[in-house]
Amino acid sequence: MPERGSTLAERDGDAALIPAPVPEDRPPAWPHRHLLDTDVLTWPQIELVLDTADVMGEVVARRRPRSDALRGVGVTNLFYEASTRTRVSFEVAAKHLSADVVNVSVSGSSIEKGESLLDTVRTLASLGARVLVMRHATSGAPYLVAREFAGSVINAGDGRHAHPTQALLDLYTLQRHVPGGSLRGRKVVILGDVLHSRVARSNLWTLTAAGADVWLCGPATLLRGFEAWAAAGVGGERRFTVTSDIDAALRDADAVMALRLQQERMAAGLLPSLHEYAERFGLTAERLRLAREDCLVMHPGPMNEGVEIAPDVAAGPRSLVTEQVANGVAIRMAVLSLLTSVGLRGEG
Amino acid sequence: MPERGSTLAERDGDAALIPAPVPEDRPPAWPHRHLLDTDVLTWPQIELVLDTADVMGEVVARRRPRSDALRGVGVTNLFYEASTRTRVSFEVAAKHLSADVVNVSVSGSSIEKGESLLDTVRTLASLGARVLVMRHATSGAPYLVAREFAGSVINAGDGRHAHPTQALLDLYTLQRHVPGGSLRGRKVVILGDVLHSRVARSNLWTLTAAGADVWLCGPATLLRGFEAWAAAGVGGERRFTVTSDIDAALRDADAVMALRLQQERMAAGLLPSLHEYAERFGLTAERLRLAREDCLVMHPGPMNEGVEIAPDVAAGPRSLVTEQVANGVAIRMAVLSLLTSVGLRGEG
Amino acid sequence: MPERGSTLAERDGDAALIPAPVPEDRPPAWPHRHLLDTDVLTWPQIELVLDTADVMGEVVARRRPRSDALRGVGVTNLFYEASTRTRVSFEVAAKHLSADVVNVSVSGSSIEKGESLLDTVRTLASLGARVLVMRHATSGAPYLVAREFAGSVINAGDGRHAHPTQALLDLYTLQRHVPGGSLRGRKVVILGDVLHSRVARSNLWTLTAAGADVWLCGPATLLRGFEAWAAAGVGGERRFTVTSDIDAALRDADAVMALRLQQERMAAGLLPSLHEYAERFGLTAERLRLAREDCLVMHPGPMNEGVEIAPDVAAGPRSLVTEQVANGVAIRMAVLSLLTSVGLRGEG
């Protein structure tokens, strides 16, 4: 870990956690005003997020988990889709940083009146939102918003497109448990409904950037289009493997990430039945024996236990599911802090 | 602007923003414990709100927008109708004043169980609500509540009756942009579904009190009853004009306020079609050429762009829509501060 | 009242309100980490809650009702059923103690996605919840959660089973108004839909522990099973009376607690009609004449006025309904403070 993190950690309890100014003779370590996906993050930038999350983790562990970093900064959670964990995670993260948090969800808001997304965002900006954390069913919606919004936009999930803070917390959690702390050359399997998963897409960028040997595995109908991407490579170079052969995927894996199966998919004729899916692609203890003995198990939640993951695997000794959620708070604190430090400098 | 505002502004950052005590030999400048409509406000009282909003605007503009004025005061937002902007605006305003804010909306509350409005209000009072910000579909509901509630009631919209903070922020916004800062003799047009608009009703009181030449314009079916009111005069004396002739209304106007068209009205047979409405009464750039060159454009939001207002007009250089929202926070801070200063003195 | 309460009250305004350490030669006065029902509370423990509520009542009465007792402690309200008063009461209580409060309700959360209760709770724990206040339609659900959750669980109502803070606030309110401050030998009537009432069940434990002469009264169909319990005695010894004879029940009563009639019961064929129910079991002024002249009237709310209680009785001089709600905040502050003091000591 670089010195930056340690330096921040040594500061006084409630002091600002915003990274120190970057010397003028090199580009700022963190140039982004928005976090819409992980595809634009360089590896040093990803490391900066993870290192900052280390510092934030120390704040979270305090008896009183509170820093002054975002005091006076308005953070608005704008959720057009139901969410417990992501909304609460951002809310807790922002409050730990002393931000002023406002929650807006679809039900009970004038969004029901058919107000347009951009009109809503302009309104929230005028009401003091400096950071907009948004979830929307339409892929790309946060990009539209970021073009208009003067503050920072964090994509908390847009359709099947991206969920960048999830990918960052997944990487952070993995690195803390992989021997040596690096994913370079490690086999990481993303298993399940890849086609509809924003989690899978955002993880592809960060995991391949970390040098992992990424395998995507699921029914052929839920992998459509990924073979072409695999052939082209992530970022035009970083290769990964796509297969429906779950045994090949799991063999000697260092980590497996099971994806939530959206049960709505069945209706669309993409899957025969829940039972058959669980039989063929569910992550069971028996199947996990193909992987390395210390293979790590992850799931972005919420889980359909007994479908994409067996209950004993989800709760087993290799499972990082609970830690993923806990790390999410530190990661989101890091992202909030980095984005607003750019916003305050007027860059980006 | 009177000295009062400046005096307040000069005080220490987080000091109380409650106006200084009024000398005993004249009536208190602000005698109201509730704000149910603008009809009871004298012109000096309206000016006091606007001047206090100036001070509050300085608080909002701080790096840390926070005053201690309402520290320890419970403010409850009780919304029986969906709302984003108004609920968030009051929530932000109250938090800027360090109040303890509780949000109660219809969905997810026991209001679903058929609890009566007054029983709910008594409960919220017992739970510590000192200010009740309420929105209700029934005209007059806040008056019923104010008779029972020991604290202050702010009407955040009741049926088609009143929305006083909206009218105050509209007036505040207009005065900041009209040359000379006064509406006296200025032609202000309220355009659209006047019949169902609480915004129009509350604005009629404040705009005529400010000396504006107010015109109400819309389809005859959406102006019913206003001709009689115009003949009688607002407050029995202040005249205004009612017409369905949009060209006459817009000619040489200094400001136009387009109203939201509730699409439910079509079902009631009051309108032929959205398309025809937009054709005949939509505020377009072409139509706006009839008005003065510097004619200001307003809308209380949320907008049906392409219906009552054209997108290029809504986003155009004369549009004050975004500033209306921003000023709403300062106006609501002013109202919260004035009402509770009365409540604390035990008057009203 | 024991000295403990006074000692706490004498401390500095914002000092911690956690009870002083208990000498090692006797069991801790408050050994419980969770509050799932009142059945496990000894009488000294019940008294400790009520005495602590006295102290908390002094905090509530301050101009700025705030203590530091739970600063940095995450309190999550997880409500699977609609609620205004209980959710707001816990939210206000936790905020008065400076806790970090998160609200999660069914609508607008991923609970809609079919996430399991335990998965949700694990997630909330990982997000920092130290106290979980939960309401659930299934009797016993909080017990399941308490087995998994490392912090404290407060049952805010589970199906028809228990609602312990309601029973404690009812007892607290009664004791403050009964002459002499003790319920020993006082006749207390619980009237109405006893069968489906978690309030009645939890009150049975506390009222009989206080030595009251408890009578349960309602239609025979809504008392099923309680005769057997009455014969066995609460806790195997404390007797109470079950009857459908409302005149016998009310005769010389010191207090009557009317229960909310869930209108859904009619559909189940348990009741003939609302009208007939009101006729036979509604608490009217005329019926109340059978009771003692100073008979106290209570209702856990929300009330169906005109059904289980007449409006003039609900609002009458003997009614404690409003005070019940107000006392609920102090009781919940006491419970939050006591439970977390155990949690911090690592006991329970």
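First chain written, first letter: the chains are A, B and C, and each begins at residue 1.
Definition applied: a contact is a pair of C-beta atoms (placed from the backbone, for glycine too) under 8 Å apart; a residue touches a chain by one contact, two chains touch by 3 or more.
The model shown is predicted, which means the values in this text are computed figures rather than measured ones.
Trainee: Looking at subunit B with subunit C, do both copies bring the same residues to the contact (over half shared) or different ones?
Mentor: different
Trainee: On Cα atoms, by how many degrees is subunit A rotated relative to subunit C, nearest 5?
Mentor: C-alpha superposition angle, subunit A on subunit C: 120 degrees.
Trainee: Could you grab the centroid distance between subunit B and subunit C? Build each centroid from C-alpha atoms only and quote it in angstrom.
Mentor: Taking the mean C-alpha position of each chain, the two centres sit 41 Å apart.
Trainee: For subunit B, give me the residues that contact two or more of the other chains.
Mentor: Expected reply: 107-108.
Trainee: Quick one: in the complex, what on subunit B touches subunit A?
Mentor: 60, 62-66, 79, 82-85, 87-89, 91-92, 95, 105-108, 263, 301-305, 321-323, 325-326, 328-329
Trainee: Spell out the residues on subunit A that touch subunit B in their complex, using ranges where they run on.
Mentor: The touching residues are 71-72, 74, 76, 100, 102, 104, 107-116, 119-120, 122-128.
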